[in-house]
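Take a look at the following structure, please.
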Amino acid sequence: APKKDFKVAWSIYVGWMPWGYAADTGIVKKWADKYGLTIEVTQFNDYVESINQYTAGAFDALTVTNMDALSVPAAGGVDTTTVIVGDFSNGNDAVILKNKTKLADIKGQKVNLVEFSVSHYLLARGLESVKMTERDVKVVNTSDADMVAAYKTKGVTAVVTWNPLVSEILQEKGANNVFDSSKIPGEIMDLMVANTATLKDNPDFGKALAGIWYETMAVMTDTGEKGAAARSAMGKASGTDLAGFDSQLAATKLFAKAPEAVAFVRSPEVGATMDRVRKFLFAKKLLGDAAKSADAIGIELADGKILGSAKNVKFRFTDAYMAAAADGKL
Amino acid sequence: MTAIRVEHVWMEYGDQIVLENISLDFAPRSFVALVGPSGCGKTTFLRLLLSEERPTRGRITVDGAPLAPEPGADRGVVFQRYSVFPHLTVLGNVLLAAELPKARLSGRLFGAARRRAEEEARALIAEVGLAGAEDKYPAALSGGMQQRLALAQALMRKPRILLLDEPFGALDPGIRADIHGLMLALWHNCEMSVVMVTHDLREAFTLATRVIAFERRRSGDDRARFGAVVARDIEVWPRRIAGRGHPTVSGRDDPASPMDIGRDDPAPLAV
Amino acid sequence: MRLINRRPDRGTALVLAALPFALVALAYVLGSAERLAENPADKLLPSFATMAETFGRLAFVADARTGDYILVSDTLASLERLASALFISTALALVLGLLIGLLPLVNALLAPFVALVSMVPPLALLPILFIVMGLGEASKIALIVIGVAPFLTRDLAMRVRELPREQIIKAQTLGASTWLIALRIVLPQIVPRLIDGVRLSLGPAFLFLIAAEAIASDSGLGYRIFLVRRYLAMDVILPYVAWITLLSVAIDYGLARLRDAAFPWFGRGA
Amino acid sequence: MTAIRVEHVWMEYGDQIVLENISLDFAPRSFVALVGPSGCGKTTFLRLLLSEERPTRGRITVDGAPLAPEPGADRGVVFQRYSVFPHLTVLGNVLLAAELPKARLSGRLFGAARRRAEEEARALIAEVGLAGAEDKYPAALSGGMQQRLALAQALMRKPRILLLDEPFGALDPGIRADIHGLMLALWHNCEMSVVMVTHDLREAFTLATRVIAFERRRSGDDRARFGAVVARDIEVWPRRIAGRGHPTVSGRDDPASPMDIGRDDPAPLAV
Amino acid sequence: MRLINRRPDRGTALVLAALPFALVALAYVLGSAERLAENPADKLLPSFATMAETFGRLAFVADARTGDYILVSDTLASLERLASALFISTALALVLGLLIGLLPLVNALLAPFVALVSMVPPLALLPILFIVMGLGEASKIALIVIGVAPFLTRDLAMRVRELPREQIIKAQTLGASTWLIALRIVLPQIVPRLIDGVRLSLGPAFLFLIAAEAIASDSGLGYRIFLVRRYLAMDVILPYVAWITLLSVAIDYGLARLRDAAFPWFGRGA
C-alpha cells in the first residue's frame, strides 16, 4: 500500500557505515524530503537481529548480504528486492590459520566460525578449491563478538571471519590469511534490500535510497579533506579510526558510482553466484523445511531470468534504482 | 450478650489428640480463667476460639450462631509469645488499634479524631506502665514491656471477647497488680467476656468468675494418644458480676511486706 | 470472609493456576494466526502444529549423519554443564557465605569483594576468561559460576546473619567452638535456605548457560538456540525455550521436595 | 570456687542509662534471685554476666580474674524468650549439650559414649516432664514445653555459673514444683552458682540464698535518664548452704488444696 | 577468644577489605606486564597507564563533532534506562509479590505463572519482544523488567509469607480489613526487604541492560562495550566494566543507607 513513512535498518559493517553517516549528516532527510517521505534509519549492533526484525516486518529496508537475504527473509516468505548493490567483499572475509600457511593444512582441524554465515560459505568455497569438503574439518559455532578473544586461546587454530575481526586477528604473530574473499570476487555482496511489495507500491522510496547512497558515496570517495573527514567519522562510529577504516575499505570493492553497480548486477556472475549460494543453503537445510530442492525458492535476476521456482519468487535483483541514479533520473 | 458455647470439640494434630471432646458453656460477660499443666492444650483452645484453627470435630457457637470462620474485631487477643508490630513505635502500636477500624481506607486518623485517639492511647500506655517509652520500637523494649504493650493494644479495641494467653507471666508483682486493676475495671465497664490462660492460681481466683482446669488423661507412656479434657470447672464464690461494683483487687492493698516469705504455695491442681 | 482467609480448594486452585497460561497461549494462537494469514511462511510466530512437528523431529528423529537425537544430546550437554556449575557455585557459596556471615574477620575481608564481584557484568570480561580457562567446557562452567555464585554467597551470608543471635550465644555456653557452631548450629539451618537460593538462581544459571554456549560450542540447548536464531527459526527456538523452562521448573520442584523431605523442621517457625 | 564480683558497673544504650553504678559480690555457690520491676534492667544484667554485652563502665571479675570476654561453657543460660534450636528434636537439643564439648571435631558422639549421653539426656528430659516428646521438633511444642527444653539443655552441661531469666514463668504450679526440686538437687550436688531472674517472690525466697532487688530511681517523667540501682539485698534466713542436706522445697509437700484461694499476694516490692 | 567473637577494629577492617582488591590488582599488573613484555601491542591486558589514558579521553575530552563527553552521555543513557526499568520492576514486584504472598487466591492464580516466567531465558525471545515493543527505549526497559521483576516478585512473596502468622491474626482482631492489613502491616514491613531485593538484582539488571544495548542502540555503556569488543579494545572495556561496577556499588550503598534511614526498626529483631 502507498505510504509515506519508512524504516530502514542497518548494522555496523564497513560497507554499510555510509548509511549511518548519511543519517547523521542530513543526507537521508534531504532525499526523503525531496520525495515527500520520512525515512527513519535505525542502527543495529547485532546484525542477526536486524535481519530478524526486517523479516518479521518491523522494517521496510535492510542492509544484508546476498546469502543472508536468501536464507532468512526470502526463505521466510518475505519477498525481497535488492535496491542497491553497495559492494562486494574483496578480502574482508578470510580463513585464518595459526602457524600454518596453506589452506590445505586445515584438514582435521577445528574451525571456529559463525555457522550458516558468509564465513561458513567462504570456508565451503575454500575447501572446494583444495578438493576437500566440510567433513575434513570440524566446525565450532563461535559468536563473532568473541572471535578475536577466541583466537588468542590455545585450543583455537583455525578461524573464518570478517573484518574488522580479520585485521585484528592478523596482527597476531603466526596468524596467516590462507584464503579470503578476494579469491571468490563478487560472491559475497553487501546489499540494501527492501520489501518487494512496499517498493512496488512506493517506487519513490527506492529512488530515495539510491539518491542517499550515491550522494554519500560521492562525499566518501572524495580524495580531499571532505572525504577523509567523512571516512574518519564512519571509522569512529564503527569503533576504529581513519586508518583502520581505510584498511577495511581496501578489502572492499565499493561500487561508488552507479554505472559500475549497474554493470555488475547485470553481469552473469550474479546468477552463477546465487546458484552456488542457494545450493549451499539447501545443503545446510536453510531454505526452509518445506524445500524439496534448491529450486524451491525462485530468484529473479536483473535481466528477468529466474533461478528455481517461478511460482515462488522471493528474492529479486533489479537495476531499476541504480540505473535511475546512473542516468541522473532521481 | 456474648454467650460462647463449645460443643464436643476435638482437636488433633496428625495422630496426636490435643483436645478430647470438650464441651463448655460460657455465660455472657463471664471472666473465665483457664489453667492446666504446660502442654495440655490451653493455647490450642484459645486458637480455636480465635478461629485461627478449626476443630477437627465438634463446633463452637457465639450467641447461638456458629463462630465466625476467621479472626475478627469482636475477639481481641494477647498471645503467649508477645507479638507486637516491630515496625511501629509503642504509641503507633496502640494507636493502630484505633486507626484500623475507624479509617477503613487509609488506616490512619488525622486532625481531631487522631488527637482523641492519641490521648486515649497515651492514657492506656501510662496505665500499663509504659509512659516514657511511647516512641521506642519494640526491639528496644524488655520482655515484660512488650507483653504490656500487646495488652494495651488489645485493650484499646475493647473487644466483646478478650482472649489472653498468660498475659501477665513476665510482669513483676507491682505492675501486675496495677494491670489486674485495669483489667477488672474494663471488664466491669465494657460489654466484655474474657478467657484467660494463666499458671497463677491466685491470679485465676482473684480475677475470674469461673476457673476451668484442663488435664490430659494418662495411661502409661502412651500419653500422647489421649487429649485434654475438662478436669475441674469451678464457679468462684462469692459470685462476681460484671458491672456490679469494683471489688478491690486483693494484691493491691495488701499490707504484706516483700520480706514476708515462707507462705505456702498454691499447690498444683490435684493431678 | 476476608480475601486474606479465602483459600481455593484443589480444583479451583488448578483452574486458577491454568488461567494465565491459557491466556498467554490464546494470545499466542491469535497473534500467530494473524501473522500466518498475512504470510504463510512467517517465521516469527509459527503455529503450534509447526512447532510440535519441529520439536518431534528434533526429539525423536535421529540425525542422519551422527545418529544422535538432537534434543537429547543438546539437553545432556547443557545439563552436564549446568550441574557442574551449580555444584561448584553451591559449594563455594556454602563455604564463603557461612564464613562471611559467621566470622566478622572474614566478613571484613571478603564481604566488600564479593559484593563488588556480584556487580561485575561477567559477559564483558569474557576475553580474559577465555585466556585463563581456554575455550572449552571449563570457561562455560566458569561463566555460570561467576554469574551465580556471588549472588548465592551474598544471599547466604545474609541468611546466616538472620539467625537469632541467642542461638549462637547459647551454643557458646554449651561449649561449642567456632568450628562446631558452624558445623552443628549454622550449617544444618542454612542448607534448606541454600536450596531456596539455588532455586531462585536457576533462571540466571540457564541464562549464563545459554550465553556461554552461544559463544563457542557445538552442542547444547543454548548452542542450538543461537544457531537457529541466524535464520529466525522460531519453530525451534520457542519449543527449546519451553523445554528449558520445563526443565528449570522440574529442577525447582525437585529441589523444593528435597528440602521438605530432608528438613522437616524448616519453615515451621520455632 | 566461683566468686563473681561486679564493680561499679554502668550500662547505657545511647543516652538511656539502664544500669547505674551496680556493685555486687556473689559468694561461691550462691543461689541469687534477682527481682525488680519489668524493664528495670535484669535481663541486661544477665547479659553482662554472660559477656553478651560489655559494661559501658566498671568491670566484672570471676575468682579475681576479669570475666572472659565471650560466652563460654562455664556459664550456662536460659533466655527469657525460650531459645532452642529449631532444627533439632527435643532429644537432639539436649544431647547437643553433651556432644559439643566432648566431640570437638565432629560434634557428634558414637557408640557407648553416645548411649551414655543419650541415657542421661532422656533422664533429664523426663525430669522436666517432656518424656514422650523426645522426637518432636520445637515448632510442635507448647510455650512451657519449649521453656523446659531450654532448661534441660542448660542443665545437661552443669555449668559453674547458671544464668536463668524467668525460667519458670510459663510453667504450671505442678511442673514448676518438680523443677524447683530438680534445680535444688543440682545446685546441691554440682559445683554451681546460680543467678535467677524471677517475678515470683515466693519462688525467689524458696530457692535462693540471697534475693537482690533492682529498682530504677524516679524523678518526674524523666525516668529514662536514671538507671537501675540495687534497692535491696537480702540474705535468706535460715541460711541455705549448697551441698548441706536437701531442704524440702516448700511447695512440693504443701497440703494446701488448689481451691485454697484468697490468700494474700506477695506484695510488690515497696517502690 | 573464639574466631566468631573476634571483631576487627576500623583500621584492620579497612586493611582487610582492601586486601582482596590489592591481590586482584597485583595479579592483573603481573599478567599485564608479562604479556606486554612479550608483545608490546597486546590488547588483552593493557597497562593501567593505558587504561587511565583511554578512560580520561572518554571522560574528559568532548567529542569533536557532537560536543558530547562519551562517558557522560553513555552513562546518562544507561542510567535512564536502568532507573525506569528498576522503577517499573519494583512497582510490579511490590504489588504482585504482596498480593501473591498475602492472598491465597492470587497465590493460586499467579504463583505458578510467575515461577515459570522467572525461568524463561528472556534473551532467547528477543525477536518477539522487539516486534511487540519496537526497537526504542521501551523494549530495552522491557527486557530488564522481564529479567528482574519475576525474581523480585518471587522473593518478595516469600518474604511476605515469612511474616509471623500471629501478626496477621492480631491485625484481624484489631479490625483490619484485607486492604488495611496490606497497607499498614505488610507493606511497611516489606519495603525494606524489597530494597534489599533490588540491591541483589542490580547485577542482573546491568546484565540485561548491556544485553539490550548490545543489540540495537547508539548510546549507552553496553553499546560502547560491544562496539569496541570486536577490536578487543580492552583498554576501553575494562575501565567501562570498572565504571559499571562502581555505579552499581554506589547504588547498592545508597539503597542500604536509604533503608537504614527510612526503616530504623529494621533488622533489629522484635
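Quick notes on this one:
To keep things simple, chains are lettered A, B, C, D and E as they appear, and every chain counts its residues starting from 1.
By definition in this document, a contact is a pair of C-beta atoms (placed from the backbone, for glycine too) under 8 Å apart; a residue touches a chain by one contact, two chains touch by 3 or more.
Quick caveat: nothing in here was measured; it's all calculated off a predicted structure.
Looking at the partners of chain A and chain C together, the chains they share are E. Put simply, the C-alpha centre of chain C and that of chain D have 48 angstrom between them. Averaged C-alpha coordinates give centres for chain B and chain D that are 27 Å from one another.
The distance from the centre of chain A to the centre of chain E, with each centre set as the mean of the Cα atoms, comes to 38 Å.
Along chain B, residues 70, 81, 140 each make contact with two or more other chains.
Contact with two or more other chains is made by residues 2, 44, 127, 131, 164-165, 172, 177, 229, 232, 269 of chain E.
Shown for chain A are the residues in touch with two or more other chains, namely 52, 56-57, 146, 148-149, 152.
Per the contact rule defined earlier, chains pair up in contact as A-C, A-E, B-C, B-D, B-E, C-D, C-E, D-E. Those residues of chain A whose C-beta lies close enough to touch chain C in the complex are 48, 51-52, 55-57, 71-72, 75-78, 112, 114-117, 138-143, 146, 148-150, 152-156, 286, 288-289. Against chain C, the residues of chain B that register as touching in their complex are 69-70. Listing the residues of chain B that touch chain E in their complex gives 50, 52, 70-73, 75-77, 79, 81, 83-87, 96-97, 99-101, 104-108, 137-140, 153-154, 157, 159. Looking at the complex, you find that chain E touches chain D at residues 1-2, 5. Residues of chain D touching chain B in their complex: 13, 35-39, 43, 80-81, 129, 131-133, 140-145, 147-148, 166, 169-177, 199, 201-202, 205-206, 213, 221, 223-224, 232, 234, 236, 250-251, 254-271.
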